[in-house]
Structures are given as C-alpha cells and as structure tokens.
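Scroll down for the structure; my scribbles are underneath it.
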Amino acid sequence: MDWTALWLTLKLAVGTTAILLVVGLPLAYWLATTRSKAAPVVETLVALPTVLPPTVAGFYFLLAAGPDTLLGQGYQTLTGGLLPFTFEGILFASVLFNLPFAVRPFTSAMGAVNRTLVEASWCLGVSRLGTFFRVVIPLSWAGILTGFILSFTHTIGEFGVVLMVGGNIPGVTRTLSVAIYDDVQALDYDGAARTALWLVVFSFVALSVTYSLGRRRWSI
Amino acid sequence: MNDGLVAEFKKQFPKGAEIQAMLRQPARGFSITVLFGPSGGGKSTVLRCLAGLERPDEGVIQFEGQTWFDGATGVSLSPQKRDIGFLFQEYALFPHMRVEANVGYGLTEIPKVERRRKVAEMLDIFGLTGMEQRYPHQISGGQQQRVALARVLVRRPRLLLLDEPFSALDATLREEIRPELRRILARFAVPVLLVTHERSEVISLADRVAIVDGGQIRQTGAVHEVFNRPADTSVARIVGMETVVPGKVVKAEDGLVSVAISECELTAVSTIKVGSEVEVCIRAEDVILQCGDIPAASARNCLEARVEAVTSAGPMNRVSLDAGFSLTALVTRPACEDLRIRPGARLMALVKAPAVHLITRG
Amino acid sequence: MTSRAATNQVQELSVAAAASLRFAMAHLVDRFEHRNADVRVKVTYGSSGHFFAMLSQRAPFDIFFSADIDYPGRLVVKEYAIQGAPFLYAIGRAVIWVRADSPVSVESLGIHSLLVPSIRKIAIANPRHAPYGRAARSALKSLGVYKEVQSKLVYGENVAQATHFVKTGSADIGMIALSLALAPPLAKKGRYWELPSDTYPPIEHSGVILHWAKNPDPAERFRRFVLGTEGRTVFKKYGYMLPGE
Amino acid sequence: MNDGLVAEFKKQFPKGAEIQAMLRQPARGFSITVLFGPSGGGKSTVLRCLAGLERPDEGVIQFEGQTWFDGATGVSLSPQKRDIGFLFQEYALFPHMRVEANVGYGLTEIPKVERRRKVAEMLDIFGLTGMEQRYPHQISGGQQQRVALARVLVRRPRLLLLDEPFSALDATLREEIRPELRRILARFAVPVLLVTHERSEVISLADRVAIVDGGQIRQTGAVHEVFNRPADTSVARIVGMETVVPGKVVKAEDGLVSVAISECELTAVSTIKVGSEVEVCIRAEDVILQCGDIPAASARNCLEARVEAVTSAGPMNRVSLDAGFSLTALVTRPACEDLRIRPGARLMALVKAPAVHLITRG
Amino acid sequence: MDWTALWLTLKLAVGTTAILLVVGLPLAYWLATTRSKAAPVVETLVALPTVLPPTVAGFYFLLAAGPDTLLGQGYQTLTGGLLPFTFEGILFASVLFNLPFAVRPFTSAMGAVNRTLVEASWCLGVSRLGTFFRVVIPLSWAGILTGFILSFTHTIGEFGVVLMVGGNIPGVTRTLSVAIYDDVQALDYDGAARTALWLVVFSFVALSVTYSLGRRRWSI
C-alpha cells in the first residue's frame, strides 16, 4: 500500500470538496434564485469541462496555465510558482473539473426549498446570510450531500486530469488512482488489485457512514 | 411625521387580481386593526406588501416616519429592516427544527439561558409544554398554528402582522389565548394588524377594523362605526347586523357589571373592572321587543326605545331603535304587525345580560 | 552533522520512463544506485505521449526515456534537450502473444495463428501513436494478412492495454512487445512467436536530458550507464535489441 | 355484516400521544358524522387511520363488510383500495398543477370532455371560476381550501373524510357552500366523517357527533343526545350549553315555519318544507324566562315550562326546564332570585323565532 | 470532424441516459422511501465504481465480463456474443459507471418530495405507479434534470472505460472523446482542438436548451 499516495488522495479529495462547498454553495444559491437570463449560460459553462475527455481537459489546462500564458504569468507573479506539476495545480484543476458534480445537485436542491420558509426567516429578522445557513442549507441537505459524495468519489477516481496536470510526481501529485493506473499499465495486476481493494473498502466505509449520518430525522 | 402606519399602494398580479390598499393606523403603542373580509378579498396580499414580501407597483408605505416603500423613488426596505412580526396563514414552520428551535429561531442576539426561558414561557402560554422536542410534522394542525404564533410573539417587533392566527383553534382555546395575547401585546406596546374572516373575532379583538373585499379596502374605522354605519351594502353584507357602541363600566359585582352608554345603563356578564372603557355588542336577533308593562322577566335589561326605521331583511324585519343609543333588532314580520312596529312607535326592548357582550380596548 | 552532510551529498534524479520499460528500468536503477550511492533515482512511468505533452510545459523531470524516437526528436527541435540529438538506447521487438491456456499453438503457426478461425479479436496498440501499434500494422501488411484480419483488430491505448485485452481473455491473441511477454508477471502465463524484424521498421527507443534538469550531472551519468555495457546487458535480458547490433 | 363503518383501534405515536378510537356509523347512504373536539385531541389521526395513511397498532376497521384493517391478521388495505375521499387539513394541493388539473387529478378513467365538464361544475360551485389556469401559489388561502374540497368531491368515493373543510372560509361563503355540499353528498349517497373545532358547524352539519379529546372518543351519538346529555364534564365543557331536540315541520308560510316537538309547536325562521324532519337548536342564552302573564311581545314562542334543575355555571345559573321537551336556559343569578327560580317552579320561557335554528337531516 | 464518432457518442450518451432513467428512477425511489437497513449499503455500492480510475474500472469490467467468467459465459449463451469490444459492452459499462451520477441526484430530489402530496394522490385513488409518474417525478424534476445532465455530459467526456472495454474500434466503439484523446496522443493538436471545439459548441447548445426548458413555472 502506497501510504503517501493515499494521504495525497485524501488531501486532494478533501481539499476539492471543501473548496467546492465554499465556491459551489453561493454559486448554486445564486443560480437557484436568480431570474437573470445569464443563469442558464453560467450553468452550461459550469457543466462544460465534463464533456471533454479528462486527459484532454487536463492538457488544455496545462496549455492555459503554462508559463507562456497570461494566466500562468499572472499566477507566477502572485505566488512565484506555476500551477502545473504542483499540488495546487491538481487541486485547482480538480475543482474546476468537478464543479458540475457539486454545483448542479446543490442548485436543484436549493431551487426546491419552500420559498415561504425563506420569507418566514427574513420576517423573523434573520439576515439573508443567516437564512442561507440556517434554513436553505439544512433544507437542501440531501442535495448538498449528493454534490459532496459525487465530487468526493469522482475526485478519488479521477486520474486523467491529475495525471496530465500533476505529472505523476510521487509525494506531490501521484494520487492513489494514478498509482493504480500505473500498476495496471505495468501489468502488476496483483499490486493494482490490492490497492484498489483498499480504496474500495475505505470508500465503502466512508460512504456508508456518510449515508447513514446523512439520513434526516425530520420530514417535509 | 411620527404617526404609526401610513400605507397607500397598489399591486397588480400578472393575469390576476389588482389589490389596492389605503390604510392608516394613527395610534402608536398597542392597538389592533383587523382586516376583515371574504376569502380572496386581498387581506393576505396587503399584509405581504406591508411585510416587504411582495413589492407594490406604486404607492407609499411609511411607519413611524420611516419610509418602507416608495414607488416613486424606488425605496423598498427589506423585511429584516422593517422589524415586523409576520404570522403566515400557512404557518411556515421550519420542518427541520424542533418546536423549541422554531420558537427560538428569531432570538439569536440574546444569551442562551434567557432564550430558553422566553421560549419556555411562550410554550407554556400556548399550551405546548411537553412538545419542545417534536418536529412540526409530529404535532397537530392547531398546535402548529400555536407554534407559529409563539415564534412571532417571542420577539419584540415594532409591528405585528398576523394572518388568520386562530383559524385552526377551537373556541375554548381561542378564548384562553386571546387575553394572553392582549397581555403580551399590551406589554410590548406593539401595534397589530390582524387578518380574520370570523365576525366574532373582529368584535372581540379589534380596536379598528378595515373591511377588505374585491381587492380594496372598503371602509376603515372603529369597530362600532363600521358595524353600525356600513359605508355601502357590500360592507353591510360583510359585517352583518350588529349593535356595537362604546360604553363604560360603572359597577361590578358578583360577575355582573353595569355599563353606562350615553344615558342608559345595561347589565352584562363580565369581570371587567369598574372604569374600563368597553365596546358593547348586542346581536340584533338577541333583542326582544315588547309593548306595554313588563312583568318580572329574567331579562336584566329593559330599555325604553323609539323605532327609527324598519327595513326588510328576508323573512325578517330589521328594526332600528333609539334607546338612548342606536340599537338594532331583528324581528319576524308577523311580530312587527302584532306589535304595530313602525317609525315613531315607542316600546320596550329586552336584552338578556349574557347577550350583552363587552369588549375591552387597549 | 552527518545527516546534513548526507542530504547535501545525495542528489535526486527524476526520470520519466515509458510504461513498457518498467521492468528493465527497475533493474537498471537498482544497479545504478548500487554503484552511485550519492544519487537517488525516482522513476515515473507513463505514456510517452503524456510525457511529451507534459514536458512541453516543462514538467520537472531530468531525463526522459521514450518508447519511440519521435517524441524525443520533437523535444530536441523545441530546444528543450541538452544535446543536439536524442540518444538511442534500445530497440523494441514485437511478438504475437497468446495466453498459456489458448488452443492456438502460436509458436508453430507463426503469423498464421492470427488466421485460425476461432480467433475473433486481435489486440494491437493504436498504430496512430503507439510505436508497437505501428510495428504491428506494418508487420501485418508486409506479411500480407492485414486485409484478412483488419476487421478483427481492437486497439489498445498503448501496448500495455493491448496486453490487458489478451490477458483478460477479451481478445484471443495480441501483438505486443517482447519485453512485456518476458516480464515477470506474464513470463509464465503465455506463449509467443516473435515477428521477423524485417517485417516492420525498428522500434527505436530513445531519450533526452532536459535542459532544465536540476541535476544534470547525475542525469548524464545515468545516461552513460544505460548506454554502457551494463545497461545493454539488462536491456538484452528484458527482450530488447540493442543499437548497433 | 353490511353495516357501514365499524372502527375500533389504537395508535401509539413513538414518544407521543396515544390515540384510541371506537366509532360506528351504522347508517348507510348519506349521513354526516362530525368529529368534534379541541386542538390536539386526535381528530386528524383518527381520520388518517381510517384513510389508511397511518397504521394503527391494533384493532379493526371494517367498512360495509369489507375489512380495511385488522391488527390480528395484519390485513391493511391501501388507501387506493379503500376508495375514500380525504381532505387534508393542510390542503395538499399539487404545486406543479394548475387549479383545473388539481381538481381533475383523480378523474383519470372518464373521457376528457366529461372530466372538463365535471371540473367546471365543481369550480363554479366553489366560486373558483376564472382561476382554472392559476397555480396553487397564485390563489389565496381560502381559495386553496376550496380547490382541495372540489378535488375530493368531484370523485364519487364510498366514504368521505374531511379534515376541517371550512377553516379558512368566511361565514358567508360557508353558508353558501354548505347546502351545495349537502346536495352533492346526498346525490352521491356517501357517508361523511368531518372534523371541525367549530361548535356552530357541528350543529349545522352533523347527524351524529363524536367528541374527541385527549386521544379518545369520549362520546358518540345523535347531536341532540350528545349536546343535551353530555356523558361527563369534559364533554359538557366541549359541547357547551345548547338545546338540541328533534322535531318536524308542520306548517310553512312566508318564510316562517312551525315545528312540532312532542306536544309543543315552535315558530322559526326558515324555508324548510312541510313534513321535513329537523333538528331544533336553541342556545341557552337565547331563552328568556318570565313569570305571570305575558303582554304582546315580539318573541313568537312562549312556552309554559317547569323548572327541573338549577346548576351554577360561573356568574350565571343553568336552568333545566321541561317545556314539553327538555330546554336549557342561562340566566343571571339575581334574575334567578327575583323570579324565584327553583326546581318545581312554573314559568314562561320566551324564545324569538330567529333564535330557533332548524337543521334538516338526510 | 469524425461524424461516425459523433453519431456513436450521441448514441452512447442517449442510450446511457435512457437506461439510467429507466433503471435509476425506480431504484432512486426505492432508496428515497425505504426504511430498510440495506439502503445505505446499496447507495454505497452504486457509488463505488466511481472511486476507481476509469481505465482500471474498465479493466475489472473486462475481467468480469470475459469469456472465463460466469457472467461472460451466461451472456454468451444468451446472446451468442461477448460484451467486450461491442457497442453493447461500452453501453453496459457506461451505465454501470454513470449510475451514481444519475441515482444520487434522483434519490435526493425524491426524498425531498412532500410526503403529504403523495398521500393525497393515493387518497384520490391514483395507484402507486400513477403517483410516481404524476406527482413524484414532476416534483423532483430539478433533481432528475441534474442526474440527466451529469450522466449525459460525463458519458460524453468519459473515455477511460470506453477505451478499455470497447477497444477503440472505428464505427463501433470509437467515440468522440476517444478520438480526441487519440488526436492529442498523436500530437495532432489542431485536429483535437477542432473536434473538441465542436463537442463543446454542441454541448453548449444542448445544455443551454435543456436548462432553459428545465426551469419550472410553478413554485413550492
């Protein structure tokens, strides 16, 4: 078992979902409540990266974030480094690539929240932000859990983008899924199976716990 | 400037009704204005506009000198900033919170112990003790309504907007809750706008009444004004035929009180204190008319009266009397003939003490 | 003090190597590290195409062992390499491979084993970009069976994937690298027949040292080691032909 | 066997109330049984168990010989198979369907034209014409309740379960709808179980009443039985003090009718046809007692009565009279003394014609 | 532009989502309404394939569906063929691999449907199945759309599983994403970019239309 790869995978998956929660929840709420004509366009843009093969998407990400581009140069002046082949790079790419798996479920769940309850909260003097946290989020909990689980598992399994953007550097960007992929490529079927089994067992436990905890006790 | 609520606005639903409101609640401090009228009249919409949940198309809403809405300048204060308490007709309890959390929801700024105490007090008043840990779907319809009421009242808003607060409660419970409500409201000195479709609730609760029908406020005024002098037939149809006059309690003894109305005195069953200003209500069908001397009767109130007008109301006649105050009686047509009731006639009007309903104000 | 001295001395060498080289490379690295205690070699395996795309964005590798000659050539053209030309280190050999339990006696039938009626699918690497795929296609053409078998071909992303197809039983027979057929996981699991080397252009494996190599000296040392006698022995053992042979 | 509804079951909510029901509706065909009682009493739960939405822990529910539920054998028919109409207290309109589609929802098996006609008829009856194309959130609370009612009635279920069908409607509207409702129900000949917390609704609607309080059915019977002879004080407190006796219309003229009750005859304001069996209701506070001769009075009904019992009720006394039928009067204590009202005393009881409420059955 | 690949991609994406709707909706409804202890386990099993790298998942699918296994032999006796390297094979694998992207959003949306409305439908004499179609599905529409969009776009972009199970046979299993991947591998960046642009434009239009149509007119 490659423990650094496991650790890296966990870091990537947790980091990605955490960022997706922070970025995705407000974005989803905006999408769910706005009447702006721009909303379907934004939703479409969010979903678009998924239609490209991951490796190719990663390739374009490399191109876009490379040292020759404005983006790359901007990032370089800000941080002194480049995104490709770093952990930050795969994290960033992973967030971008998992955006629809989080934002879509968030949006559909928030759109289904009873509008009167939001109004009730406002009339009880609770700010929009407070209402968002105390009413909208709990009431769209199932959808948020969905987004969470989908982006978490997808991040764990994803290797195309990570491989391309991260360069498969052990301890930095070599995640478990990349490792398993390598093992299989190297015909090390037993090694791959061992790691995969570990991954599956670990995910099974994590998901089971999440699902059990995620069941709600109240009813609509 | 600082003169309670001034609202004058118009709201047009796309493909739907147009709602127009003209409303003034001059008094500051505690006073109840009831919006009364038939289903679909526009009561909830008026409240929603006042709460800032619906945006009028034009007009002005001002409260205590602060502009809440102004169609001309585009000002529109958020519901939070209006600092109101709004009871939704459909309760709108938070399904993911227990009863306790629902009631304490708006009380974020006070310490936890204090919050618990306030919530417990409210639950006690509304007969909900023991249900703190239930979710809304685990309590009955009437209990849900009481939770919603408690949730609104536990805060101290500047204006209360209550949309049919008692529609799911039985009469006994209402009668238990109403005085508590009055007590709380009087303590907080908040003005109240309350929607109802129950005539009895108007009389027992309202200081002022606004009749809402067909998307318009037809008439506004003190309860006895509106009930005794409906502005038009639609209002008359809505308020029914009732005598409502102001009076003052001058004697109280053993559960019975005497109320002075202009020159007369009436006996009523009540525990209201001497000196209280009251609204005296007598249903037209509770007034019996008799000619000549009256033998001993269980009816405590025998009033000399002069007939002012007789109008037909279906199989009955409506008799307007001057008994020192204006009193309306509803009598059958044969009785009218037997007693020769016609304008100018003098007779006795009998009203039983329990039929004299007293409503305190303030 | 000692540990600090040690860290000062031990240099890390980052190697990007084509996946098909894994077994030979592991052996080479072992030997090299044995001789050069001051160098720790970290090898990353992957598709040569991936590496090319990544190296075009200056992926932080010191030395690149490709499974072909094209990608290193392009890197040289882009002036990403230290030398003016890629170094050629081995030449791949292609075989027709079946699982040990296959009824087809590939050793005796040779190219005709592809024509056995029970063969439904033939796995090769994608000739568009995989060197062994190109070799397989040329061999099929020059042996005059391409037309006949074309409809039975399935294409792996690379030669390893073509091997998976046969290994899992999804394809009945495959054209793969000798180095894979000899690799420990497969050595006893299958039988093969080597394609005559004149039926396909040589599968030249070459490499480059990148000009941004953090440690050019060990990289150069490793290159020389690979090209030296010891390296040649290893490659030979793992089923490669050697340049100049 | 084939004897209407027989229900006898128990339901324990986890950590909540226990609800016990014992209910029989012997009559087949149209008849209304009202479940009446305070908020939280268990009315909705009883209906939900009958509808098959809640599973009792033990007991039996049978309808017209068919077993709907049997705790012993584990039989439990699905709501669909029970073929009932259930009006939810919270309306439960489908938010994604327009008013028209909501009302026509259960009418899948009949042709489209027929369906449209039926829906339009219902909408007309409930004053909802013109709102066919609105979504539920675009109509008022009372309108929503009427849509829910129309949706249930447009089908022809075998049993109707209505949970507070009029709670959001104003009195005028209720009075318009009730006769329509009776007409429809009588035409379909469906038995009805109706929940309400309004005393007046019980009297105006019920053939039989079941008093529900504290999770139990306290008393069941004809309205006059239960209202005149409450089984215990809790029932008495719930039903209030009312006279409810069966009678028959013997004369009708000019909007006034004469009703025979045992030996007496009373005059009432009504348009009910001669020969109808009616329920005669008189509120205790509408009965005036007098001694000696009675001069001409507008009160049409003067009954000789004998005092049977005098019991104290707060500041008032409750006087049970035998006037040929049992009649209850509520008089002030001083009046009792003045008139020397005590058991055995004979006096006159005056009741105005409009205070005599007649309710037709069937 | 490789029109057969486009056609194949469309066929695969439409086929996958269609099967996911047929299989996923009932499964999701069961998951959303059951109180069975097995539910979290089933949900976890559904999500599991996603934690594996697609190529590796495809590899295991090949192992499982190969001629040596019971599954493979069973399928062979039934249909006379094998799953690997056929369109049916990639369709099947794609369905399996996209299951969580459809079932999870379906489940969370259906779990949020007001229970009383379902009961109201039953009491109006409408069968469970009728209620499912006329009440549950319309009311969880946003979530169903989410599942639809996520699995559709993910199927379009996915190439790991398709490549492994399908063997990249032109006209049979070579989808657009595989083609783009090949182009990139073959350093035909212009070709890849052209195809990718097509794919993106096409998806953009399709998604925008879907989103615009998917907005609901009623409110809860």
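So that you can tell them apart, the chains are marked A, B, C, D and E in the order they are listed, and the count of residues begins at 1 in each.
Note that contacts are C-beta pairs under 8 Å (C-beta built on N, C-alpha and C of every residue); 3 or more make two chains touch, one makes a residue touch a chain.
These figures come from a predicted structure and were not determined experimentally.
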- For chain B and chain C, chains touching each: A
- Item | Topological distance between chain A and chain C, in contact steps | 1
- Note on the structure: Rounded to the nearest Å, the gap separating the Cα centres of chain B and chain E is 59
- Note on the structure: chain C to chain D, mean C-alpha position gap in Å, rounds to 90
- Item | Gap in Å, rounded to a whole number, between the CA centres of chain D and chain B | 26
- Query: Between chain D and chain E, what is the separation of their C-alpha centroids in Å?
  - Reply: 56
- Query: Listing for chain C: what residues touch at least two other chains?
  - Reply: 53, 161, 164
- Note on the structure: Where chain D touches two or more other chains at once, the residues are 90
- Message: Which positions in chain A are in touch with at least two other chains?
- Response: 55, 59, 114, 184, 216, 219-220
- Note on the structure: Those chain pairs meeting the touch criterion are A-B, A-C, A-E, B-D, C-E, D-E
- So, in the complex, the side of chain A touching chain C is made of residues 55, 59, 62-63, 66-67, 84-85, 163-164, 167-170, 174, 182, 184-190
- Message: Residue numbers of chain D touching chain B in their complex, please.
- Response: 13, 15-16, 37-41, 43-45, 89-90, 133-134, 138-143, 146, 163-164, 167-173, 197-199, 237-238, 254-256, 267, 269, 271, 285-286, 288-300, 314-316, 329-336, 338-339, 341, 350, 352-355
- Message: For a test of understanding, state which residues of chain C touch chain A in their complex under the given definition.
- Response: 14, 19, 22-23, 42, 44-46, 50, 53-54, 57-61, 158, 160-161, 163-164, 167, 180, 183, 185-186
- Listed in rising order, chain A residues that touch chain B in their complex are 114, 116-117, 119-128, 130, 134-135, 138-139, 141, 216-220
- Contacting residues of chain D [partner chain E, same complex]: 51-53, 78-80, 83-86, 88, 90, 92, 94-97, 105-106, 108, 135-137, 151-152, 155, 157
